[in-house]
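You will see chain A twice below: alongside chain B first, and alongside chain C after that.
Let's turn to the complex of A and B:
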């Protein structure tokens, strides 16, 4: 039995460490040609558009902090649905913003890729 | 091409209307024997445990308001991943709580059932 929460935690830890680091281009290894990403109100489909978006985020410094992470098996195939809620500091701002992000991870040769990625800030 | 956002919006509207109404037992029609639900820190697997949980929520009056709803196709099969963020008024409280909820909807004979349901309140 796969440890779904363990896999999802390991993935999310790596993902945010890379996103918060100096070279975000490393994130593109987890997307594929048929991956979809929603970032706030914008949608991106395919590896190149997603790479381009992640590479052009208008923030020089991000700092994610996971508050909750839940993971379910999403079918027979070993896929995993992950829901994360957390806080995000942007460009050294004092006040963190809340966010929620959902990933759909698909097993692929001993690792996982992201089929679906939906990110939303939580206002108010 | 299926209108994924349209299906997800119709589903979520019905789901919260039923959950906010006087008879929550109607929700059980969208779960199956292999469905999984996370409600805050508790996990439930299977129709009976989910029915029991939804039927015994310790709130007499709920009022959900959707702020954002995003939906992606989750594979070849017509399944849909939905991420909702919104506000929730509990028992007439003046201050709404923020929440985030993820559904994985699976097509089934002209309708959809919920394979995965993850609900989290957002604190702070």
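Let's turn to the complex of A and C:
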């Protein structure tokens, strides 16, 4: 079996590093045409809407910090479910928001892409 | 950006373009996928161009230029095909050194006989007599008889699940069935379609002939209409028994499947399929079409006998890229409320009028160059689809039962492959009132599988419970809980349809809510209030029942539910863009409200616009108006039961205002 824990932790580390970094557009490589994203109460399906959403986040500076991360292999296809809770500092605000994010990662050609991405703030 | 992919193993996400050949069609019009060698034999990765459909002709041209066809010959492309390794190897004759699938034995577990008046031996004899299948290597283990059955017969024996036997019911299950290898499944499907006196090799050859005759390479069109009149199928005896008819189509699809190695090949080769005039009453028999050609653009079901939408239910969420669906000539189109239902199911509103016109006067159906009708219907995937019902039903049942009877949940929803784990987030913030209370995590910490903290592999493995027994042990060690289902505001749900295996749809649910627990750590019992986040992946089992594939729980200090409570009025929190609700969001909200309430489109729209396009307010307004008797019967879609709302628990899903953006 693939090291799903390794994949999940590397994925999460890369994802937040990219999201918190200079160029968020780098994130779009992990989504596909049929990917779906829930960001709070808004839903986006497809690469373009997701890219647009990620590109239009009105924050200049984000800082994610993972509190918990758990990962399960799911089904025979080798997909992985990752459930993360953590802190989110927006634009240097000293009071972090708390969030929960669930990723469904699908293997494809030796790599993985995000089929579902469900993000919610859980303490504001 | 379409052709890039994440490489989690550390290498950068690069662009991979595949060199490649093209599909080749020989002089006889035969569908020949054995194109020239495709470079490094990459998969149908990189070059998907599925986003948004914005590209138009230019994008399409680019795709067909770069899209390669990977050779399906046994040697080429096989070495690094990963999960596709079993595809595309034609099963002609016995394969040297491998056991033929017809000899593979599958384990069947039989229970229920213990409650009957008969013995285990009598139960075995009963099943053998009824099914005419010999049960091999039978073994009694407690209440269960374990037997082996040759793979091709497994479905015939499972048909006897729930059979009456000596004043009781026999339960049959084949838990290992789901794990069988792709090739084995495909061969089994084909062998089930064998007409009398034919073997699998004959069947494959006959079906290959049928596909070749019916494929039009110029139009990338596979014409499977009027199969009942097919000379080749008739000559081969496919319609002598009614059972071979229903099994023929899945077998045909498996044979087609074997022609391709990659999804890209299928996309490039077949754009349109016609299943017209096959006397189809439902689409169950041909659901395999959506597995083999998930990216189909045009599908005609013209002139069949589909009577209502329920018959199309098996195709929910399939064919995500379908642009045209022809339903004319089916009884369903003359049904009352057809237009509303078509809309509710995600057909494009812009062409609603055309559908209306069409159901009134079928003669206006436009036709394509080949004289076939082309209907301008766009089937769009939606977020909260009918799986929403499956998800909500499960969640209601789960949280109603979890407090009182965790064991019954394990019996009902968990099987040998279900996984559960929990994590404790000790650093999550608390509400004001909880600021100075001790949190008592002692009962959770030893079970917590927070991978940020648990780094030793033994701990990681031990804390991942698999199967009802291990999960029961873990749940048994957790404090008693009480979930308050009555407080709608405290719950947040997201429910998504997800493909869990090729062609098998599951549901991903995430829940944020709270519970109270009876904690006994350090002395007297006390009630502790906690928040939790829980994700479930649901999938159907062999018998089609809902099972939990994954269950992940995060428990944290009580943090309230302000973050997902809808902000009344204009909860704008600054920043450009503001809160204007776009047309797409409005549409999605309408659909959601229609699904929840059973209201017709115009009423749902009215309800939402009067409540400022806020989902929760609209829901409340609906309940209120209903309680006051202010909603007439004709405000509902036909067939809607108006006595109970469809949503059992409050929902914070698509659309509404609020949120930080």
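Keep in mind that, in the parts below, the second predicted complex is superposed on the first by the 123 of 124 C-alpha atoms of A that agree within 3 Å, B and C clash if a C-alpha of one lies under 4 Å from a C-alpha of the other, contacts with A are read in each partner's own complex, and residues count from 1 in each chain.
The definition used in the following text is that a contact is a pair of C-beta atoms (placed from the backbone, for glycine too) under 8 Å apart; a residue touches a chain by one contact, two chains touch by 3 or more.
Computed from a predicted model, the values in this text were never measured in an experiment.
Colleague: Contact-wise, after the overlay, does A:83 reach chain B, chain C, both or neither (first, second, both, neither)?
Modeller: In the superposition, A:83 touches chain B and chain C alike.
Colleague: A:102 in the overlay: touching chain B, chain C, both, or neither? Say first, second, both or neither.
Modeller: Both partners, chain B and chain C.
Colleague: Looking at the overlay, does A:46 come into contact with chain B only (first), chain C only (second), both, or neither?
Modeller: Second partner only, chain C.
Colleague: Check whether chain B or chain C contacts more residues of chain A in the superposed model.
Modeller: The partner with more contacted residues on chain A is C.
Colleague: By the touch definition at the top of the document, which applies to A:120: first (chain B), second (chain C), both, or neither?
Modeller: both
Colleague: Answer with first, second, both or neither: which of chain B and chain C does A:75 touch in the superposed model?
Modeller: Touch partners of A:75: chain B and chain C.
Colleague: Contacts for A:111 in the overlay, against chain B (first) and chain C (second): which applies, first, second, both or neither?
Modeller: Touch partner of A:111: chain C, not chain B.
Colleague: Identify the residues of chain A that lie in both the chain B contact region and the chain C contact region.
Modeller: The answer is residues 36, 38, 67-68, 70, 72-75, 81, 83, 85, 87, 98, 100, 102, 104, 115-116, 118, 120, 122-124 of chain A.
Colleague: Residue numbers of chain C touching chain A in their complex, please.
Modeller: Residues 1-2, 4-10, 13, 42-43, 45-46, 48-52, 54, 82-83, 178-179, 320, 381, 383, 419, 421-425, 427-429, 449-452, 460, 464, 492, 494, 496, 498-502, 506, 508, 510, 512, 531, 533, 535, 537, 539, 549-550, 552, 554, 556, 559-560, 562-564, 575-577, 585, 588, 615, 652-661.
Colleague: For chain B, which residues count as touching chain A in their complex?
Modeller: That would be residues 36, 38, 67-68, 70, 72-75, 81, 83, 85, 87, 98, 100, 102, 104, 115-116, 118, 120, 122-124 of chain B.
Colleague: Which residues of chain A touch chain C in the complex?
Modeller: Contacts found on chain A: 5-11, 14, 26, 28-30, 32-34, 36, 38-43, 45-49, 51, 56-58, 66-79, 81, 83, 85, 87, 97-98, 100, 102, 104, 107-113, 115-116, 118, 120-124.
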